[in-house]
Structure formats: structure tokens, C-alpha cells
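Labels run A, B, C and D following the written order; every chain starts at residue 1.
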Amino acid sequence: MTEKNDIDKPWGGRFTEKTAASAETFTASIHFDVRLYRHDIAGSRAHAKMLAKQGLLSEAEKEQILQGLAEIETEIKTGRFEFRPELEDIHMNIEKTLVEKIGEAGEKLHTGRSRNDQVALDMRLYLREECARLLELLSELQKGFVGLARQYLYAIMPGYTHLQRAQPVLLSHHLLAYYEMFGRDKERLADCLKRINVMPLGAAALAGTGLPIDREFVARELDFPAISTNSMDAVSDRDFMVEFLAACSLIQVHLSRFSEELVLWASQEFSFVEIADRFCTGSSIMPQKKNPDTRN
Amino acid sequence: MTEKNDIDKPWGGRFTEKTAASAETFTASIHFDVRLYRHDIAGSRAHAKMLAKQGLLSEAEKEQILQGLAEIETEIKTGRFEFRPELEDIHMNIEKTLVEKIGEAGEKLHTGRSRNDQVALDMRLYLREECARLLELLSELQKGFVGLARQYLYAIMPGYTHLQRAQPVLLSHHLLAYYEMFGRDKERLADCLKRINVMPLGAAALAGTGLPIDREFVARELDFPAISTNSMDAVSDRDFMVEFLAACSLIQVHLSRFSEELVLWASQEFSFVEIADRFCTGSSIMPQKKNPDTRN
Amino acid sequence: MTEKNDIDKPWGGRFTEKTAASAETFTASIHFDVRLYRHDIAGSRAHAKMLAKQGLLSEAEKEQILQGLAEIETEIKTGRFEFRPELEDIHMNIEKTLVEKIGEAGEKLHTGRSRNDQVALDMRLYLREECARLLELLSELQKGFVGLARQYLYAIMPGYTHLQRAQPVLLSHHLLAYYEMFGRDKERLADCLKRINVMPLGAAALAGTGLPIDREFVARELDFPAISTNSMDAVSDRDFMVEFLAACSLIQVHLSRFSEELVLWASQEFSFVEIADRFCTGSSIMPQKKNPDTRN
Amino acid sequence: MTEKNDIDKPWGGRFTEKTAASAETFTASIHFDVRLYRHDIAGSRAHAKMLAKQGLLSEAEKEQILQGLAEIETEIKTGRFEFRPELEDIHMNIEKTLVEKIGEAGEKLHTGRSRNDQVALDMRLYLREECARLLELLSELQKGFVGLARQYLYAIMPGYTHLQRAQPVLLSHHLLAYYEMFGRDKERLADCLKRINVMPLGAAALAGTGLPIDREFVARELDFPAISTNSMDAVSDRDFMVEFLAACSLIQVHLSRFSEELVLWASQEFSFVEIADRFCTGSSIMPQKKNPDTRN
């Protein structure tokens, strides 16, 4: 085999050996970053429009790109897209396919950007969506607690400290404590969202680009209220992910606290609740058992 | 020995045995919660004023309490206060001493509150202060980076990815990336502060109190913009501490990143910086060594 | 709807409602415990042989079971097995299919055991195998370091502390430090293996079984040097997993340390090594770049 | 100011500025490594004997050193030793004081060693002692469980899974499950001890020493069954600390599990145990309360 270098790779030029299979496997991320496909395409769409507006792409090239991306999006959505692990990640899978579909115009899409700022953008678009979804779910959950509290408005139960009966309280009061917890969780996500919602494109690899791009335009296209102000920070910042995960951890703590309470209340000794059969599992060896599977 | 119960303890009544020494040692927290003394006294001061305003204390009793607390604060500040581990924590050490100083009025201070909401209040007052201090320190640090960036405004250095030279960048640009990071840290602390800044007093043990207290008054006295709205949540909520610690962790990540960079830049191979002797340590066995002790 | 209970579930008897779809999704583990299929079948095989030896199964029943399990193993291995998420986990998927294949004899396989001890057994068989595999890989890795050390036996390089040049050392000496680290990792895995290598079957749900089973026989069949001695501990013990993960974490620390060293040595400033093209990746925007992808 | 360098520091020679106060504070560890004083002195004692045996110290010098170290040990034990934070750590505090006491012979003690291998040695001596102490405490604890099990040998209680009553079990059986857990904890500590029990002295800063030292002699003096075989690994290895902490974490998990069980059993709803007053605390606002303070 005469082909020694990795001409298929966007960075193949200076290389004189093919990438080792083990290295390809190790660096491939397509099996988990495939979930970013919609965000990657949305980012490319906005980038292409900007390039055209700035005269860096012709209108015809832009249209070809938008058309190609639309096809790819549909193919992925409908399961007809063929992912190639040797192309490492979702970004290169999409870009390579675009080039195969529309040729030279597809190659021009990468003008003025790098995978570094592209990945940063995709992650922000993705987590922005996850935040919105979690905020909605938390509101639903709060409504559930309010509904339950209303239903059992005057039911009296023991209030505990150290799991010792301390003072009588209303069950509704107990339940509304969770309303407060999930309310704070929503605040935390909303605060985190402010720091997610910053448009990094234009940072390129780390030092920006000399081309006359319009970052504010891209931000407006993608509905970002702000753009990053330092390119080296823009490509290396992952704080927003850590903050998002920290917020999620506290949500889990609250969910776990309530689940643990249900397990306790469903014990024969407490017998405060009976959980419906449809939410329980049983035992293969003890046919009388009914397990509250709020935990496993 | 005839004294069998723990009459010295505020909760001694129902007990028929003295607390075991090992249990006292295990539950004592005075060796670390002593740092809360100013906050505990500030909270008691506001609580006493409120009780007097509501007619639950006489003016004379209030004055005695304020006078006694002022004395105790001075004694602790000047190292003349005698802490008693058998009184478990800072709250009981102060209250017991107050009762010894002023008698019955001191005992009335606990009217309408419990250690549960008192601890919650103290922690919030304490972390509020820590936040303010950290915000100031972070601003100082940012100014340091801006000053350095101005000093080396046009100095050119290699920009790296994967520790491989990628593109030339300005040192000032590199330094200002830290300005961004610490700016986000400040935002996170400010967001956390919103959730710290909620006045929990009035929640008592967990179920509030039947006495006609004025929580808004206490909040104003202590400069809290909001009061907690669910008593069971108020005494059990520690989310704000977790959130504070998470914010601190990210600050540490940024400090560690810069420190690591200094270590790298101070190596003979990079030789980008020379760290002043006064910030370095040496080796007991290799007299030529000079170690950048940004880490240990 | 007439079908109200979950007759398909092994624990369906006392239930009057079908499991909710959301509860089924939440409790299903088949998407990750499918990897235990070989271990689950090996355990069932040993259990069946023991039941027959003890007269709890007839020889014919045992043969049917062994035949059925062999078929299922082949089907899973060759991708022809149809997994049903509503059967929750790998254990029930296999057992249910066995019953469908061979009828009543299949139902008797569960005699004297519970999913609780079955899961414990599977996890121990699984981790025992992983330990063996890791021990082999670590030995390979050590050989690699020894080979490299021999190749560069007298090559001199700077030894560092605080990343400052301290004393000259031999590269071979530096490399053999990793031999020591991975040697300790092997010791830790071997120690962990002692605690993994304990046969839990017979503990049943938590209280053992009144049937005349022979646990030593099962242990011999499955090559376990010891059996668990307390049934409540046997079904709840997951220490060996935590210990295994802790040992893996230290392995990762050592691998990360070496990788970081390669990254440093491959920098232009150090230039101690050049990593072969086939183990590097490049940049989409900076064609001169070659990145050592020992980390990402 | 004429005094420009840090002549008091063992590494002061090449430095032209005094260490900044903030750097001294930051790098000082004396406030926590003071607990290593016995181990540091034991190590120095063995090192001095070896140096004398090898002819690197005269017998008279050795005697002076042993005498000086004995005095320092007594002074620290009796609280008469004056610690100096500017000397950073326990090692330098002791060495500097030794030199002040006995002059030149004291300076010779550092022959053939560095703080790097000295710290490694101290930590190993310290953790070896901690392991022994924990092993003893765990044995005591196991005896406690055996004693309780014997006392309640035939007491029957519900066995639970998912906190649902599953099958009747003996309380003694339940208690002996903890015997197993703490037994495994002891095994893990004993295994860890094998890796702690390796004598690192002789590694010096990282590259060993050219002096004719006798490492086996030092190992025998300090009762180490093995010596480290790679000097770079010897000074950088902290695996044994991580492993020790991991073992401690599992011990804590077991203690926490039992404590949680006591809290549950002491609830009015379960009422399986009543904890003696001497191990409980009460409430300042609810005089009827008795709290099981196995947790706080």
C-alpha cells in the first residue's frame, strides 16, 4: 500500500504515517458526541450565513451549505447517516459528509473557525437546551408537590429531628419544603445558564482569526445575549459544565432525600404511605414483598 | 455522687444519666465553631431587640442582654473568654455565660428560637462575610492581571494547544484570560450570595413558634433582603454551603492552573519567567536549586 | 382491561396493577448488565449441578437446564438473543427464556437461590475476570518499560524536582520508576482479588435457605477458594467493587502521570521525545501542528 | 539592609533575597506536621547510627546526635520546645535546634539524605503506627459485636430488603454481618501495611547518594521488612497514603451504616433499641426529645 499519509484527515498534510488503529479508537468520541449533531449543524448554519454576509462565501455557496446541512440533519434524525469512527467526532463526520455532498463549498465552511471554538459552541448550545428542559421538569415537579400539599392540606404528621418525633407538623408543610428546594435548584440553573449563554465562535484555535468575521451576527442568529471577550479563555473554558454538573448534583440530593423519605414512610413500621403497585417491584423468592423502587 | 442528670445542659430535664465523656467529646464542635462567635452574637442582638419590640422582653431585660453580649464579645476578641467543651458549641458557651453574667434575662434570650435556626443563621452570616471577602480578593487579583497585562502589553509568546506551539499570542492576551476566569468566579459567588442572604430565624426547631415574633424586623436588623418561607426547609437547608464550596473549588482550579503555568514557565526549558527569590525555596541537598513554591 | 396483574414477572403474584412503563424504564438494567451474561450462565450451571447432586433436581432436569443454558449462551454470543427490557435485567432475561425453552425444569433452577445472591455471584465472577485481565495488561506494560530501559540503558537526562533541574539521572532509572508503580498496582489488584474471590451463593435473599444445598460444591465448581460466612453480609457487601475501583484509580493516576510526562517531553521546549505520527493527531486550522494525544 | 540572603535556611546559599513573609506562611507545614516529631527523630536516630557504622560519623559525633535528639524529643513531649514557623516544617525545626545544641555534629546528620526521602520515611513510620492502632480498634469493635451477638443469641427480628420486612432473622446474625465487614477492613489495612512498610531512606533528593551508606541496616533498625528499589519512585510515591485513606473510607462507610441503623432502630416507629441517656443529647426547645447522637 503506497498511501502513507492520512489524507482523509483535515489535518493530514504534515503527517507521513497513517494513524494507528489503537490511537483512532482512543481518540474517537463519535459514540458519545453524536448527541451534539443538531447543535453542531445549527452552529454551522449560523457560521455559514455570517461568512456569506461578510463576503467570505458567495450566496450560492451558502445555499449549497445550508441545503447540505439540512440533508445531513434529516439523515441523522432518521437513522440513515453512516457514522465513521475514523473521523473521530461528530464535527468531522458532518463536515466530511458535507464535502462529499457539495464539494468545494463544503470545504469553505471551516473558514475562520477551528474545531476548538466549534466544540465550545456545541457544548454551550447543548447545555442551554438541557437547562431549559430541566427548568421545565423542575417546575412540573414543584406543581406536583403543590398539588399534593393542597390535597392533604390539614393532614397532621410527626415532624422529626434525628429521626425522633419532635413536634407535630402539617404534611402539606413538609411537602412544601421540597417546593423550596427545587425552587433553589431552578435559580441555580438559571444562574448557570447566564454563563453558558456566551457565544465563543471566532476564538478559532485559541488566537482568533484575521478574517473580517461578524461575531455579533452569529450570536444573534443563535440567540446568544453575549459573546466571549478573550479567545484563549473562550476555547479553554469548561467552567460552565462543572457548574451545571454541580447544580445537577444538588437536584439529585433533593430527589434522593425525598426518595429516601418515601422508602422510610412505606416501611411497615412507619406506614405513612402505600405506594401504588405500578411503581413497585417484587421479589423472586419472597412472594409477599412489595419494594418501593424509588431506589434500587 | 448524687447529681445524676445533666442539669447544666439546656436540655437536661428528662435525662437521668450524665452524658458520657466520649459522647461529649464526639458531639463537641466548639473547637471549630468558635469562629462563629461574632455572627452568633450579632444574631442574638437582633433577636433580643425584636423580642423587646414585640413585648416579649422588657426594655431593661433587652439592655441587660445587649450589655452582657457586648462584654462576652470583648472577652472572646481579647482572648479572656473561657470556653467549656462540655457546653458543646459556641452557641451554648455564649448563652450559658450570658446567664451567669445577667441571670434570668439571659435565659429569656432563647425565647422563640432554637439552636436549629440559630445555627442556620450563624452559618449564613458567616458565609455572607466570606463571600464579601473573597469577592474583594478576586477583584484585587484581577487588577494584578490587568496591571501585568499593561506592563507587557506587546510582548509576544507562543500560544499552545496540547503543549505544542500553535500560534503566536500576546502575553497580555494570555494573562487577561485569567481576568475572565476570576470574573466568572465573582459572578458565581454573587449568585451564591443571593441564596445565602435569606434570614432563617423564626423557624425554631423545625415548626416555627406560636409567639408573635417579627421576622422581617430581624431581617432588617441583620441586613437580609429576604426571609425563609418554609420552616422545615429553613432548618435543614445546607445547599448554600455546598454551592459556596463548589464555587471555591472552581476558584482553586483557576489558581492551580496559573500556578502550574508559572512552574512550567520557570523551568530551564521554558525560561519564560524568573520568580523572585523571595517567593522561592531551595533544597537542603542541592544548593543550586531554586524552587517555585506556588505548589508544594 | 382484564389482565391486571403482572403475571409475567417472577414476583407478580401479589400485585394487582401492571408496572408503570416509567417504573420499568427506571428499574431496567439490561442495557448495562448484559455484559454479565457469561457469568450468570456459569453460576446457573454450577447451581444446577449442585441441585442435582443434592437430589433437588433430577438428572434429566439438570441436563435440560444445561442444554438450555448452552443454547442461550450461544444465542447471546452470536447476537441472536432477543433481550426484553420489561424483564429488567440479564438474570430474568435468561431465566425467562430458559423456561420458554424447556418448561418446568427451567422454573426449578431458581430453587434455593434469589436474585440477591445471584447478582452478588455474577459481580464477583465478572470482577475476578477483570482483575486477571488487568494483571496481564499491567505485566505487559511493565515489560514495555523494562524493554525501553534496556534500550536506553545509559542515556542521561536531567532529574527534576519542582520541574527544576536537580541532578542528572539515567533515563532507564526514570522509566523503571514506572515499573515499581505498576508493580504496586498489581499487588493491590491481587489483594483485592482475595476479597472478590468469595462465593456468596446460598445466602438467598438475605437469610439463606432451609434446603439442603452444598455451597462448597458450588464454590469448587466455580473455582472459588472460599465461601461467604454470613448471609446478610453476603448479599449486601459491595466493598470489593469499591476496592477494585480504588485500585483502578491509582492505575489511572500512574498512566496519567506518564502521559503528562510524554506531553511535556514532546514540547518544543523540552524536545526529549518525538512521538510517532501514527500516535498523534493534527489540527484542522494549523497544518503545522502535531499533537501527542496521550490525553485529549 | 545588609542581610540580604536567608542564611538561616539550609538552602540559603544561592539566594539573594529573604523569603517573603507570605511565602513563608504559605509553605510552612509545622502546624500540621508537628505530629511527625517522634517518627522524624526515630528516623534520624537510625540514620546517625548507620552513618557511624559506615565511618561517616565518629562515635563521639553519633553520641552527641543521639543525646541531642533525646533532649529534643523530651522537650517536644513536655511542651517545652519552641517551634519556629520560619523553619517551615518539623524536620528543619528539629535539625536546626540540634545544630544549636551540639554544633557541627548536628550539621553532619544530614549527610547522605535529603528532606525528600526523610519526609517519605516519616510518613511511612507514621502511617504504620496508625495502621496498627486501627487494627487494634477494629478488633475491639469486632469483639463488641460478638459480645452483643452472644447476649442476644436467639432474639428474632425482621430482616429487611428495600426497608420492607422480608424474612425473620436472628439479631445475632444481623450483628455478625458487621463482624465480617470490619474483618475485611482489617484485611485491607494489613494489605496496605505491606506497601507502607518499605524503607525509602537512601533515595536522597531523587537520585540516591554516592556515599557508602547501608540501607539494609537502617531498615533493620526501624523494623522495615523491605527497602525501596528505585530512588525516583521512593521519593515521589504517595500511593500508600491514598490506599490508606481509601481503606479508612470503607471503615467509615461501615460505621455510618451501623450508626444509621441505630438511628432507625431508636425511632419511636421501630423502637428496636433504646440508647442510654449517657450517649444521647437533647433539645433546647423540645424538652421531651432524646437524640441518638451517633451522627450529628
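Assume a contact is a pair of C-beta atoms (placed from the backbone, for glycine too) under 8 Å apart; a residue touches a chain by one contact, two chains touch by 3 or more.
Values in this document were obtained by computation on a predicted structure and should not be read as measured data.
Enquirer: What's the call on subunit C versus subunit D, same or different interface residues, using the half cut on shared numbers?
Expert: Copies use mostly the same positions to touch.
Enquirer: By mean C-alpha position, what chain is farthest away from subunit B?
Expert: Chain centre farthest from subunit B's centre: C.
Enquirer: Taking each chain's centre as its mean C-alpha position, how far apart are subunit B and subunit C in Å?
Expert: 44
Enquirer: Please work out the Cα centroid separation of subunit A and subunit B, and write it as a whole number of Å.
Expert: Distance between chain centres: 33 Å.
Enquirer: Between subunit A and subunit C, what's the gap in Å when you average each chain's C-alpha atoms?
Expert: 29
Enquirer: I need the residues of subunit D touching at least two other chains; which ones are they?
Expert: 116, 160-161, 166-167, 205, 283, 286, 289-290, 293
Enquirer: Note which residues of subunit C are touching subunit D in the complex, please.
Expert: The touching residues are 116, 159-161, 166-169, 173-174, 176-177, 179-181, 184, 187-188, 191, 194-195, 205-207, 228-233, 236-237, 239, 242-243, 246, 249-250, 253.
Enquirer: Quick check: in the complex, which residue numbers of subunit A touch subunit C?
Expert: It is residues 9-20, 23, 26-27, 29, 88, 92, 110, 113-116, 204-205, 276-290, 293, 296 of subunit A that touch subunit C.
Enquirer: Taking the touch rule as given, give the residues of subunit B at its contact with subunit C in the complex, in rising order.
Expert: On the subunit B side, the touching residues are 160-167, 263-264, 266-270, 283, 286, 289-293.
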